[in-house]
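Next come the structures, one after another.
Both complexes shown next keep chain A, but they swap its partner, so chain B is in the first and chain C is in the second.
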Partner chain A sequence: MKDTLVSGEPKATIPSARGSRPADGAAEAARRRKKLITLTRPWLLLAPSLVVLAGLLLWPLIQVGKLSLEDYKVKFGGGESTFTGLDHYQDLLSSDLLWKTVLPNTVFFAFACVGLTVALGTAVALLLNRLGPTWKLICSVSILAAWAMPAVTGTYVWIWLFQPQDGMVSQLADSLGLIDAETTNWFTERLPFYVIATINVVHHGFPFVAITVLAGLLTIPKELYEAGEIDGANAWQRFWKITVPTIKPVFLVVTILSTIWDFKVFTQVFLMPGGSGDNPDVYNLGVYSYIEAFAKNDYGAGAAAAVLLTLLLLVITIVYIRTLFRQGEEDL
Partner chain B sequence: MSTAKVPAALGQGKSRRRTSRAARFGLPLAVAALLAFTLFPVYWMVSTALDPKALTRGSDLLPSGLTFDHFDFVFDRGNFGTYLLNSAIVGVSTILAAALLSLFAAIAVARFKFKFRTSVLIMVLVVQMVPLEALVIPLFIQMRDYEMLNSLLGLSIVYIALSLPFAIWTLRGFVAAVPKEVEEAAYIDGASWFRMFWSVLLPLVGPGLVATSIFAFITAWNEFVFAYTFMKGSDKYTAAVGIFQFFGENSTAWGPVMASSTLVTLPVMIFFVIVHRRLGSGLAAGAVKG
Partner chain C sequence: MKRRVIAAGCIALTLGLTATACGDDGGDGDKGDKADGKGKTLTVWIMEGTNPDPRPFFKEVGAAFEKKTGAKIKVEYQQWATAQKKFTTAIEGGPDQVPDVAEVGTTWVPQFAETDALVDVTDDVKKADLAGDLVEGLKDAGTLDGKQYGMPWYAGVRSIVYRKDIFEKHDLKPPTTWKELQETAKKLKEKEPGMVAFPVAGGAEMFAAPFVWGAGGELATQDGDTWKSAINSPEAVKGIKYYTDLATKDKVSPAKVNTWTEKEVGDAWNKGQISMAVGGNWTPKAITDANPKLKGKLGAVPIPGEKGGMSKSFLGGSYLSVFDTDKKDLGWELVKLMTTGEFAAKWAKQTNYFPGQNSELKKIEQQKDPLVEPFAKQMLEAGATVPKTKAYGEIQASKVIPRMVQSILTGKSSVQEAADQAAKDMDEIFAKDK
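Take a look at the complex of A and B:
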């Protein structure tokens, strides 16, 4: 949008239009004061937010970088740190746990979640687009319910559903003869653990994609589909040849945002049985960092893992920002 | 659906018939699947919370009876009232500070053209991507040094920072949507900038401010990592952390867990349905133009 108001404009013109009475020197001084205000006001307005963001987000980020190069010992009334250089990174990058468990868990889990979230979200958006007003409202509210479910309570419900022995899914699978509910524990093994975590994350994440893609679908001119139908394209072809190319930027943004969110999933894994440290097989990068720092009191090693995660996310974020800019700089 | 105006071409009638057949069976099926997937966990949570024999419920779709015993237990023995109050205090402090700060910042980036404006916006966006796990370690150490652990104030300060980026991006859209002519009219009437802000801009941005505040509240209400790490005294737990205590080493009291989960979830759902329409612009941080 180009209509952003340049605040100097009205204030520079209005006083000069009505204020012809003061002497030239005074008017000059007043104009200079106005100009100063115009220059400083946005920064005055921004200052409180910038101070909070710098103090609580940027400064800790610098601190975590510094911490990753140190051994930090907890002492009463302040800590004691010794500089250790890149030792923590060397330990981290040469550990089997990172390469065989933590990174694969993080990456495969994130990609599975993103793929399923975007696919399901898009399918639901297409569905909503075809429904009449009443059912559209009902479905929208049900989607909002899934979206609004807090990560903590949502995770508890999924744990309860898959709980060994007493859980609803366990009992159901047992009565169907698929498993023996007495001996099956889905939370101890990596794959079923992450399948449950994936269902949880997708359930919480697809509403955002559905609603954003639906907003995109509404901007596509109907004529495009009519033309496609005349040319004999079936629904599948119309989706891939018309819908996807037309709202590609929307798909890019939801995919990248989901990737950022799913790489840093913490609560949903940490709260699951074994997720808070008992079972190293199911660590992801965030949980690993947290456990190193707070369960093992090795703040330096935890910080190194946190830096690794932040760098991963930074790369994805840069891609995201460039995508946003390619959509149109006027958006900013 | 959209083919009404197009004259029936040869192959088209067939394709429309195929669509309508798919629609007659496919659509209701898809709707049913969607409703089941989205609502079943909510139903299971609430019905377990009300089920007197929650633990042995198994796969029975209907609860074995209706009782508020689990809710009573949660309040009487679990001290959950205190936790809900703590969460509310933290949430309200977060709202007040975040709404004020983000409104100022949003006006700055939406109404003024200044050097580094785009850089500031991008910084706000980037800062949002930082993983909480990276922040919790240094902030824990910092808060410990300042003796702010176990303090609702310390937690609120962190939440203000967490909710600011999104609030600034959302409110920026609302401020930009107010026509500048309205502001100019106020200036012509002789209003100062602050007078214009108070009597013109603030009432017009009000609905956006409410939506942003509610979202800031939800952020604070739902947050787990910081509350879990900072709050070690059990009287200072927030509700999201307080549920944890019903988990036993070997057995979990699922009735109370689901009852407290219901208490945490329901307010969020109600708020969410109220504000979701207003949040479209900010949610994708510019994902959908217009």
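Take a look at the complex of A and C:
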């Protein structure tokens, strides 16, 4: 019904402009086909990646969501699950450990890491931007080595450096009289533990920020700085008034990505002495979820913690993306 | 090529038939047919690291098994660190995913048995007349509600390992009571300040457990079907206090040891930094392999009891268990082959662990090797098992005991507070798994 109405209307206007009726019908069909193609083509082109994404991300996500509402028991040839509703969430959200230890650890640690990673990365990018080709190459290679190092290897290197009594940092601090190496174990207290973890994560994360910001820096026209210099702006002012506003989108991207990565840090904490469950003071959401699911075999509770982490990240990402888009509109 | 395969098959078939016919004396008639494995292959999961090079051993086992039943074996080596999760995933997948026969750590048996994945072999063990000869503590570890889920294959136990050269240098004797242990450790600390006199390793559950048992305490007690933690009983607390006081009061164990697991203790042994520590029967060989300079400088003694005698120590080991697949009869044949007689003795010899049968264990004890005998004594007379329930596996995985010990060592809580917290954590897991 609608179709005939729509196709009926142009008949009145077009004949005056174009020729006879049959030709008009053919044009109509062609236009409709074109419309169909414009509608479906993007989806057809996206289909392969959407299928892959759905298979690899969406399906597991749905499964984790489902698992968080169940008690799951492993059985030979297929497990048994009992629907428990929101029990796991209730347990999780009413637990002291979550509010006093797990969440603060996760959130403060992530923000400290993101702040330091972006600051250090930017500083290194500025440095690289000023270096001559030889030194630029040497510096780039050495920071890329830090980036390329697997998290496990990097973590062990930092553990060794801070090894109580025998590690280099411990011996240095002892010889300076800052600590008594025999009675100090940095891994057992929350703050030093997370300071070491932060150093580790920042060390592993800053090269990405440095390279990305450097790419941004290269797009800023030299004339802007020259103009600034003529107007008497010092280096500090030039950085904040020219560099930062010009490549703000780059900063937003690296901040979002770092936030996502640093919220879900697991390896670096789990591998540190006491990080795998011996010391509940240093739990973060990732480790907590792992211990619930795979140490206590309470898959539902572990899944609920994982869902909580996902939601937390989703909220943060949405906030960031909205800021990013608003930023984009302002620039236009 | 093809002809050769057929020929081999025929030989295997004949041998298999005769072998099963021989082995079937006294059994019921149809059993023999089931164990005929011509053309079949058993998948076997074995843990890596127990035997430095297990390949030649399994080549021999494979040949002997093929001769006996006609079936081949395919051994897949697994890592201790990840095997439990791999098993769990396979069990979830059912008979197609699990191995036919596997080495299963004694503390995993309750968890796997509960899923119905393991075959109850109680009757087979009786029929094969093996029941009487099994090391009691070890047999007990894999028996739930009267059902035995596999055959004990090998076992290990922890005692005390010490540096003989250092003891001789300072004219010290291996301790025989708790008081002596404390005095010896204090003297070692005084004379050898660069070494760790007696590591109170916060991450090593099985270092702490002997002192709980030695003081007359228990980790948990069973009442009918339910388990209840006993870690905060007065006896257990006394043991924990003695053990942690060694670090907090006597300072024989520096702060760095607070986060050590047995791995770090092993590393420190290899570097020659330890003078005395709780260690397994596998420890001396591991140390001298890594640091040949220490050969002949190590001694061992059972963990002393409070006032003499011995404190019990965890008797851990591996079972060979049959999974509930369509080849379970053949699987049992393989288990029998490997856990008795020649192959059991050979495995024990190659790995420095103890066999699961009294007769074989006695033979080893009689060899009077000073680095073996104390462990054998500990195993025969003072071995203990952890609570036999799936929940205790979860308690271990979530590190309830290390958490307790560490919070005492770091001064975050008193002994009683930490023990009460551990008891609460344990009971929560026991309650959840009922």
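Please note the rule applied: the second predicted complex is superposed on the first by the 260 of 332 C-alpha atoms of A that agree within 3 Å, B and C clash if a C-alpha of one lies under 4 Å from a C-alpha of the other, contacts with A are read in each partner's own complex, and residues count from 1 in each chain.
To be clear about the criterion, a contact is a pair of C-beta atoms (placed from the backbone, for glycine too) under 8 Å apart; a residue touches a chain by one contact, two chains touch by 3 or more.
In this text, all values refer to a predicted model and were calculated from it rather than measured experimentally.
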Chain B versus chain C as contact partner of A:67, first or second or both or neither: first
Chain B versus chain C as contact partner of A:160, first or second or both or neither: first
Partner chain(s) touched by A:104 [first = chain B, second = chain C, both, neither]: neither
Chain B or chain C, by number of chain A residues touched: B
Touching partner for A:79 - first (chain B), second (chain C), both, neither: both
Which of chain B and chain C A:294 touches, first, second, both or neither: both
Contacts of A:127 with chain B and chain C, given as first, second, both or neither: first
Touching partner for A:279 - first (chain B), second (chain C), both, neither: second
Chain B/chain C common contact set on chain A: 77-79, 163, 166, 294
Contacting residues of chain A [partner chain C, same complex]: 74-79, 163-166, 182-185, 187-189, 273-274, 276-281, 291, 294-298
Residue ranges of chain A in contact with chain B within the complex: 1, 3-7, 10-11, 14, 38-39, 41-43, 45-46, 48-50, 52-53, 55-61, 63-64, 67, 72, 77-79, 123-124, 127, 130-131, 135, 138-139, 141-154, 156-158, 160-161, 163, 166, 168-169, 171-172, 175, 203, 207-208, 211-212, 215-216, 219, 222, 225-226, 229-230, 232, 234-235, 249-250, 253-254, 257, 260, 263-264, 266-267, 270-271, 285-287, 289-290, 293-294, 299, 302-303, 306-307, 309-310, 313-314, 316-317, 320-321, 324, 327-328, 331-332
Residues of chain B touching chain A in the complex: 1-3, 5-6, 9, 11-12, 15, 19, 23, 27, 30-31, 34-35, 37-39, 41-42, 44-45, 48, 55-59, 100-102, 104-105, 107-114, 117-118, 120-127, 129-142, 145, 157-158, 160-161, 164-165, 168, 176, 180, 183-184, 187-188, 193, 218, 221-222, 224-225, 229, 240, 243, 252, 254, 257-258, 261-262, 264-265, 268-269, 271-273, 276, 280, 283-290
Interface residues, chain C side, partner chain A - complex: 85, 88, 91-95, 98, 111, 115-117, 202-203, 254-256, 258-260, 324, 390, 394, 397-399, 402-403, 406-407, 409-410, 412, 429, 432
